[in-house]
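Structures for review follow.
Shared chain: chain A. Partners: chain B in the first complex, chain C in the second.
Here is the complex of A and B:
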């Protein structure tokens, strides 16, 4: 993604200096650019509308509807929402749960996948099928069993319960994915290490993990963002306001019959900013991880 | 290398936070346990802080803390959806609040009462005289029988406010056409005709959600008496969907679309957009509930507006508001009762009225705002003639979607009123068979 934008910026620069002398600047290139621009607009439009309504006053919204331009910047909605729900605390909760899940689920996935992919456990195909089936289970089906278990062990209404649940949920997917990746892990390297007398444990941490680090990083980022955006189970498990995560608190504004469109927009904006920021910070890691197989 | 550093730091931070999180959680629940020490009343509701209920209840909390010096109120604002989805789980656990707001109705408060998750308030109600403050149709939604069906049996909740469906109108638009506020049904349709002749679609309708079915219900109610409502809502008799009430409601609604009172494209309009269209002055009339009142008051600028009861009707869609319920697992039931008592007091009720809500036990003379007075006087008129007829989607589970689909067919002209009524009858009778009524 970066390389693309850099290239585009560079080509734009060149076009400015020497218009027409650019090789291959045919109509096809412009068509691709136009298509990309249209796609970008389609993707960004919902964000733009959210941002637009977030800075409108409720009266302005009622008078002009959702698409009218605001007359001025009205930030009271955002400020009021932040204070009303103690948003800083919710951010911290979300960060805690998502980061813990991201790290723990990756560790769990690596351990499972090492056994299944490299260790070649007997019946691993069926184990993987089981993991895949577990992945397709809707969360609604899990809600009641998890509720009774959490209540029995005294973890209902705690962030720890959520961390454990999502570590397992994300770990199931990670195991499935990583097993496929580690199944193709070059045997020669492992055999060489075994010959040097490295234990299995040592091979895992000194050889397998460092070499698959790009994949693990991508997995960790996905786990973080997915967990951040989870709504249903946090809604059920985080009962006290002090424990709630960001997506749950956004639901506070939806009334029985009334919605506060401007404040909902303001809160939606606050809700997506952290995930977007996280994505932007780690997007280089992401692209590196995605392309790592292609370079080979 | 630095990236690995960041990831490691993140992991360390996460684990550290996780560790402190797990030690922190167990002691949040132990607030008001030990005797003699300070106690905590945990209170949940889901009304916005600026809404009439939010304002009145904030004042009630203040008064409660003043009269109970050793008690602190731990108020948590919840989302409607969260309470809807999680109430039975929360109330079955030790995390249950001491008192909470909950939805009235068979599928909500009725169901929880049947599951034994709510405290029977009958004794307190009689002792503190709450039943004397609530009119019969308000009591309907507070009492549930052994099957969890409203209307009779024990008291499981106390409503603080009420709601009803009325006609909101744009005074400027009425003046421009020379129309006075209609007092009879004939005057009302004459007014609608005048708008149509002037090229204006008079009624803002949201056909994709609750508003359209409530209009059809209002029309049916114009031909109905209380026994019909009791039969339909409380299963106290047989409902003929091809009887005069429903037939009139569905046929007249279809006629209104034909005559141009209701726009043909309104089948896809949401309630929110219906409100926005009225508040921006695009339609002179909106028929909907008192829950819009506060919002119309603060957000509609540029024209004068008012409200009146559906002309000619003895009854109107409406009911008590949501209930205060005391979970069976509440650790401070005595405090919860005291709190309910404060919310039923005159000054809190008046505060609710002055903030634009519909109080159940206010003193109309102490409502200062002229508009709010109109709202409350209309409600009191309805209430004294025993005119709250509840909502058309209440009697059966999933009936809301059936109603929406049926009324949309009437707007589109896809089915005749008789066909639509057949569709409404089916799930209703199925449900009746299920509960053995």
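Here is the complex of A and C:
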């Protein structure tokens, strides 16, 4: 497409990736940009249409259709859906389960990875494979026994059961990842601390954890979001209305007869907002954490 | 305490740990105790119970009746079981193969074309747009599309009618001939951003001099794509293909929300098929057999990928 003269290429090279200095293929480059922008619009369109129609009244929707701009902001659909399913409660449930799992799974991963990565206990390779397999197993192959055990020990329909299960599932992934990271932990630091008479426990919490902070923060965010997004096990375990999480209540109500067009889009919007909010909140930490990992 | 110096050399100790004091590895196993206990209670024991249940006839209450391999024999002759795996293959196409191929093209276009001609900000903005569906819980993505594709009030049909293409309107999720294709399209939309982001991150570590040298030699964009971009981000391509293939094999949420496997059995997948047997039909033994087969397939696929990846590098 582009054949550059050597001189021009050199000057571009000197300027690093200089913007706009490359002689694009004339109108061709606008065509490429246009195609990519059209694709971006297609990707974003469902979000826009949902937001647009969540703030319309049902009458407005049937009169103007899904693409007409709303005459004003009509929030009754959202409010009514919120109240009908007690959405605040679902948000709290999701928040509680996801936050607890994020913290506990990171603690569990740190403990495991300390033994495997720093301690290099015997048979670590096989133990790591076990954790990896545990993380890849489909939840379907654990669901019924877990459901059965939870009923037997009185943890059915409780958020605690889900917290325990997801702590282990996410922790298995965290163990796998962190063991590799801690395997490269500078030995001199640990040996120096040992010389000073610090116990293993102290070394873990006072030295290893603070130094690995950026990685642990990224893991915690991943665990939070992954747990928030879980659907299958929460669907099975949380049957009472008071315990349900956001994806479960939205997934179960989808297509119910009581939902008209605008209320359905209101419910979709309520599912989208927290997810996009987390994305915006966490994005900085994630990019920073990923960069830190790369520099390492 | 049985753990001694050899532990330090177990595995392929990557960092050469020349001289370790003999007691160095000892005693760390204590830190594995909570993790090991939980792993056994939540993963190992339930998985073994699931395998055990797959050899029984059991409704979930009462005593399971041992029937040997009967469930597996029944699976082989069950048309629903086979079609559920066919749909899995379709979803691997929609969730792994198409997003990976499109993702390679898009990442290269954003990095090596848009980024250099229109600035990195333009490239980042486009990347964010492609990625946005990925931040949704997959069940919520299902809710969004279930609404868009609703046969009576859904936005898509109304839009088609508004622009005079009413004849193209379909019962997107309710027509057995169209439902699987609709689900596939939705999953491409959902999944596409993941490879784009991973591939663009991978391209950051490619030496820009490679591209510049190729350009000086007069290599076209396509040649640079084939001979630089694709080989350079091979490791990322492996990871993306593996994780997306596993996600496609496990898919449950979108099917539950969008079609419940229907209409009829048009979109049934193994995970939903086992869920039905567990919780709707009280065929726990049969459901366990389906889940066991799915688990074996996933573990085998994972190992195959890791083997190939190892050989490549």
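Keep this in mind: the second predicted complex is superposed on the first by the 221 of 296 C-alpha atoms of A that agree within 3 Å, B and C clash if a C-alpha of one lies under 4 Å from a C-alpha of the other, contacts with A are read in each partner's own complex, and residues count from 1 in each chain.
Everything that follows uses one rule, which is that contacts are C-beta pairs under 8 Å (C-beta built on N, C-alpha and C of every residue); 3 or more make two chains touch, one makes a residue touch a chain.
What you see is a predicted model; the values in this text were computed from it and never measured.
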| item | value |
| --- | --- |
| Partner chain in contact with A:82 - chain B first, chain C second, else both or neither | neither |
| Which superposed partner A:251 touches (first chain B, second chain C, both, neither) | both |
| Which of chain B and chain C A:172 touches, first, second, both or neither | second |
| Contacts of A:205 with chain B and chain C, given as first, second, both or neither | neither |
| Contacts of A:160 with chain B and chain C, given as first, second, both or neither | first |
| Which superposed partner A:133 touches (first chain B, second chain C, both, neither) | second |
| First, second, both or neither for A:63, with chain B first and chain C second | first |
| Per-residue contact with chain A, leading partner among chain C and chain B | C |
| Residues of chain A contacting chain B in one complex and chain C in the other | 61, 65, 147, 235-236, 248, 251, 254-255, 260-261 |
| Sites on chain B touched by chain A in the complex | 3-4, 7, 10-11, 13-15, 17-18, 21-22, 25-26, 28, 46-49, 76-82, 85-86, 89-90, 92-95, 103, 210, 271-272, 275-276, 279-280, 289, 291-292, 295, 298-302, 322 |
| Chain B partner contacts - residues on chain A that touch it in the complex | 58-59, 61-65, 84-85, 92, 95-96, 99-100, 102-103, 147, 151, 154-160, 163, 213, 217, 220, 235-236, 239-243, 248-249, 251-261, 285 |
| Of chain A, residues touching chain C in the complex | 1-4, 6, 9-10, 12-13, 16-20, 22, 24, 29, 32-33, 36-37, 39-41, 43-44, 46-47, 49-50, 53, 61, 65-67, 108, 111-112, 114-116, 118-125, 127, 130-134, 136-149, 164-165, 167-169, 171-172, 175, 183-184, 187, 200, 204, 225, 228-232, 235-236, 246-248, 250-251, 254-255, 260-261, 264-265, 267-268, 271-272, 275-276, 278-279, 290, 294 |
| Complex interface listing, chain C residues touching chain A | 2-3, 6-8, 10-15, 17, 25, 27-32, 34-35, 38-39, 41-47, 49-50, 53, 60, 106, 109-110, 113-120, 122, 125-126, 129-130, 132-133, 135-140, 142-148, 150, 153-155, 158-159, 162, 189, 192-193, 201, 204-205, 208-209, 212, 215-216, 218, 220-222, 246, 249-250, 252-253, 256-257, 270-271, 274-275, 278-279, 284, 287-288, 290-292, 294-295, 298-299, 302 |
